[in-house]
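Structures for review follow.
You will see subunit A twice below: alongside subunit B first, and alongside subunit C after that.
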Partner chain A sequence: MSNTTEKALSLLRYLPRVCLANIRDNPGAKKKSRRGRAQHGGDYHGAGNKGSNQRQNFMRIGYETGNNPFYLRFPHEPYYKGHHLKRQYPPLSLLDLQKLIDTNRIDTSRPIDLVTILNTGLYKLFPDQHHFGVQLTDEGADIFAAKINLEVQWASEQVIAAVEKAGGVITTAYYDPHSLQAMVNTKSFFERGIPIPRRMMPPPDAIEYYSNPGNRGYLSDPEKISEERLVLAQKYGYTLPKLDSRILEMLNETKDPRQIFYGLHPGWVVNLKDKVILKPLEEELKEFYAL
Partner chain B sequence: MALRHKLFQILHPILTNRCTYSIRHFCYKASPFVEDLDKLNTKYEVSKDPEEWKYVERALPLTIIPEPVAKETYPSGWKPQTNEVKNRPYFIERTKNHMIPVYLDISQRGVRRHTLIKRIQGDINLFEKELVKFLQKESFQPIRSQVNEFAGYIRINGDFVNATKYFLEKKNL
Partner chain C sequence: MLANITAKLRNCTCTARKYATSALSTTDNSTSTSIEPRTLTFPPKYQEPRQIWLESLDSIDQSKLGLLEIHPSVFAARPRIDVIHQNVSWQKMYRYVSYAHTKSRFEVRGGGRKPWPQKGLGRARHGSIRSPLWRGGGVIHGPKSPTPHFYMLPFYSRLLGLTSALSVKFAQDDLHIVDSLELPTEEKSYVEELVKERLWGPSVLFVDVNDVFPRSITIATDEIKHINIMPAYGLNVYSMMKHDTLVLTRAALDHIESKILEHLHKNDTRAVMAKFKVDQQ
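Now for the complex of A and B:
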């Protein structure tokens, strides 16, 4: 007998029992099948063999092989029809605005417009997502106490009352997406070296809002606005404070309906490196960028 | 870039004679640079008026977050941090935006709510003891809290953000 067999037999003597748990096949007794590729050994991944299941040619969602489909069976009102095309005005509350003023993030000695609010870095606007500016909401209307010259894109009657009660001035103004893109990041806009765009007039469905003195629209008659200020004061029961004579110049500062930035004419190119402003002299350009 | 473009213009005929080399018109590199075009004939005027430049500076954002100025009243309810920080056992630093660093941490699909107090300096255990004692009045169950002394934060089970902010404001922190 060979040495190996002797060893195996002597081992057998000491082993308590030979069972399925401690024996194994002879080497080379089992032949491995082909190694299938992919996750489950190269099978059909649950899709089966032949037919529409294997080819995965599913019907479109909701299709019921000729039946009147469930999603069309009942009449409905399309409440949200066209929601993706509507103008969005992300909100900013009066409380937020007051907090920005209290923490010295906004300088009240100058008119506050969308550029000022965006420059704080605490309010985000995405013109490519149909954002058209800031909507001032009435949260914190009771505590609001800042004499400011404010320009927002949308404001409710309560908000207008709160700002005017505190001794301020509010205007609602429209900016087209190209202008908004210039306002979102003014530094990067000036660095692009392109002329400041001419602000467009509001679209037909927004003209009414922005020419209504009740909304303090920027296209409405200033005399009618001062009339409406008194009307609103009577409606909400407060005495309209006289505009502070020390800051009257700031409160009366306005932008042209074609202007984006205070004091900067459309068509100008700002050179931040050399700290100069380039102004067009061509008649054609002057006409194109006219206020 | 301009140099490379000039090099391209010089080399282009040489290369095209030797081998089949084509201009990739779909590539932006194929079009000439503005500086390589003829001189601009558009008339313009250069203004260095400092009064006009003031309006440019007004439109530009500040590069740093401004320090809050002392005012008589703060209508929004926000308070600046006190200057008397000496001889205090603990201190909670304000964030860069001058706010109290107390946050609500919502996790597990809105189920778990933790109050997180960050930027704690000094005796963090004493602060935790006092805070839990204050919060315990409002809670029926015993408050569970975790102190991370090394990172300087405290994690409390439950939403106590406003209560914690109130506690800190009362302590003038």
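Now for the complex of A and C:
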């Protein structure tokens, strides 16, 4: 600790006892917001003299005293049409991810998905604000060196190259808002006692992205992905490292397109209190959840 | 201002030093062999662990059982007097509801009729006898009942308040650790004499880990208003500042230290702060 702490503590030994009578806030810490009168800051209080500024009769916003206002002068140009409905992918950089791994917040011996990243407490997602998952960005791509099985929702070509160059595997996968809500706070979801939902298929405008082997989409053909890995390695000029045989099983682990959590199937109910997993028995449910 | 006070105080000899609880040198811990040493969780990286005497309430005169190590992040933290003040004023204010009440001109009875015509009498114009200008009229912007003053101090200010208060108590030799709160008698005079003999100041706060206390101390301190007992979960900055001396049992020390260290080292800041966020959306 800094020397000032020691100084303050040794000073306290010679000072009268600190008690209710002699404690106070720092001088100037609290600012009183009061409208002073007369000599205590009276005058016009910043409103000036006479006219609209004093009497608050402001014109409505955009009104130009009779001119054709700017906001009506041009025909309709819908730059932001549908903007509020677009899918958002809050970014996480490779540098951040490497930092999370280096500070032991993420265990690389298991596949890493959105739940793992959210459980660090250092990445936040709000599905109700149209957040659809994590976007991995290429900052720190040069120093990324973790061999991981990673699943993100959006990744650029550079990011895919950086992860594969380090000897890892990356997948992009879509989660619908209901699945995301279950992933955001897993504990509170399990406490609700409802079955794990089925993951929905991506909407029509996202199908193309998630079935493209170039994006390592989870709906694309695995053989085409391994082709694309070689193509990308040639494009960026690195030799594709062979997957580490010791962790090959972990690196090859994938989720079903309907599955949300590793090791848990849709339709199961996780009882945290009794520490049991309840599985559906009825044929109709089994068929619905494709068990 | 502080410099002035310290200059004066430096001259006076400190007679209470022989009763000091914080051990300044480790050379004289001949008695420390008999007690179980403490292991500090989250071992401090940059500060030395502090040492404090483990005492006993078995006899009136000082009896030291040994030395204990205590964590510097809790008991030698930066003594933020301002944060202590913020905690104390928060503790006073959050439960305070002002019942002061005044009536506006429309709540005061009567005054609907114009007292006299606008013109022609040579008198000042008035529309109501309950106007704020009148005696017995309404009050402008007066206090309304009930006015709650509840607010929540941020979690980490509360935590810093606790570490600051404990550090101040320890730095000023007002913190004592005892093995248990069991007294040999249930006599009121025993506690009074003990406190007087050990120079623990008139007011003392005894803290144990649970809210079930030994019968002897509850009966002995029951009548004395300035000697109080409190469970560890009730420990707060206001009570620490109100009492001259804080006496913790060893179990309470373990409990308080582990709780504070746990909060100092966890990283779900947002979760603990979210509950009382003012502008929740």
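The criterion applied here is as follows: the second predicted complex is superposed on the first by the 218 of 291 C-alpha atoms of A that agree within 3 Å, B and C clash if a C-alpha of one lies under 4 Å from a C-alpha of the other, contacts with A are read in each partner's own complex, and residues count from 1 in each chain.
Just so we're on the same page, contacts are C-beta pairs under 8 Å (C-beta built on N, C-alpha and C of every residue); 3 or more make two chains touch, one makes a residue touch a chain.
All values reported here derive from a predicted model rather than from experimental measurement.
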| item | value |
| --- | --- |
| Contacts of A:N68 with subunit B and subunit C, given as first, second, both or neither | neither |
| First, second, both or neither for A:S33, with subunit B first and subunit C second | neither |
| First, second, both or neither for A:L264, with subunit B first and subunit C second | first |
| Which superposed partner A:L122 touches (first subunit B, second subunit C, both, neither) | both |
| Touch count on subunit A, higher of subunit B and subunit C | B |
| Contacts of A:S245 with subunit B and subunit C, given as first, second, both or neither | neither |
| Partner chain(s) touched by A:Y14 [first = subunit B, second = subunit C, both, neither] | second |
| Subunit B versus subunit C as contact partner of A:L281, first or second or both or neither | first |
| Partner chain(s) touched by A:G140 [first = subunit B, second = subunit C, both, neither] | first |
| Partner chain(s) touched by A:I23 [first = subunit B, second = subunit C, both, neither] | second |
| Common interface residues of subunit A - those touching subunit B in one complex and subunit C in the other | 121-122 |
| Interface residues, subunit A side, partner subunit C - complex | 1-2, 4-5, 8-20, 23-26, 29, 121-122, 124 |
| Residues on subunit C engaged by subunit A in the complex (per definition of touch) | 2, 5-6, 9-10, 14, 46-47, 72, 76-79, 81-82, 84-86, 88-89, 167-168, 171-174, 201, 238, 241-242, 244, 267-268, 270-271 |
| Subunit B residues touching subunit A - in the complex, by the definition given at the top | 42-49, 52-56, 58-62, 65-69, 71, 73-78, 97-98 |
| Residue ranges of subunit A in contact with subunit B within the complex | 95, 98-99, 101-105, 110, 115, 118-122, 140, 143-146, 186-187, 190, 261-264, 269-270, 272, 275-282, 285 |
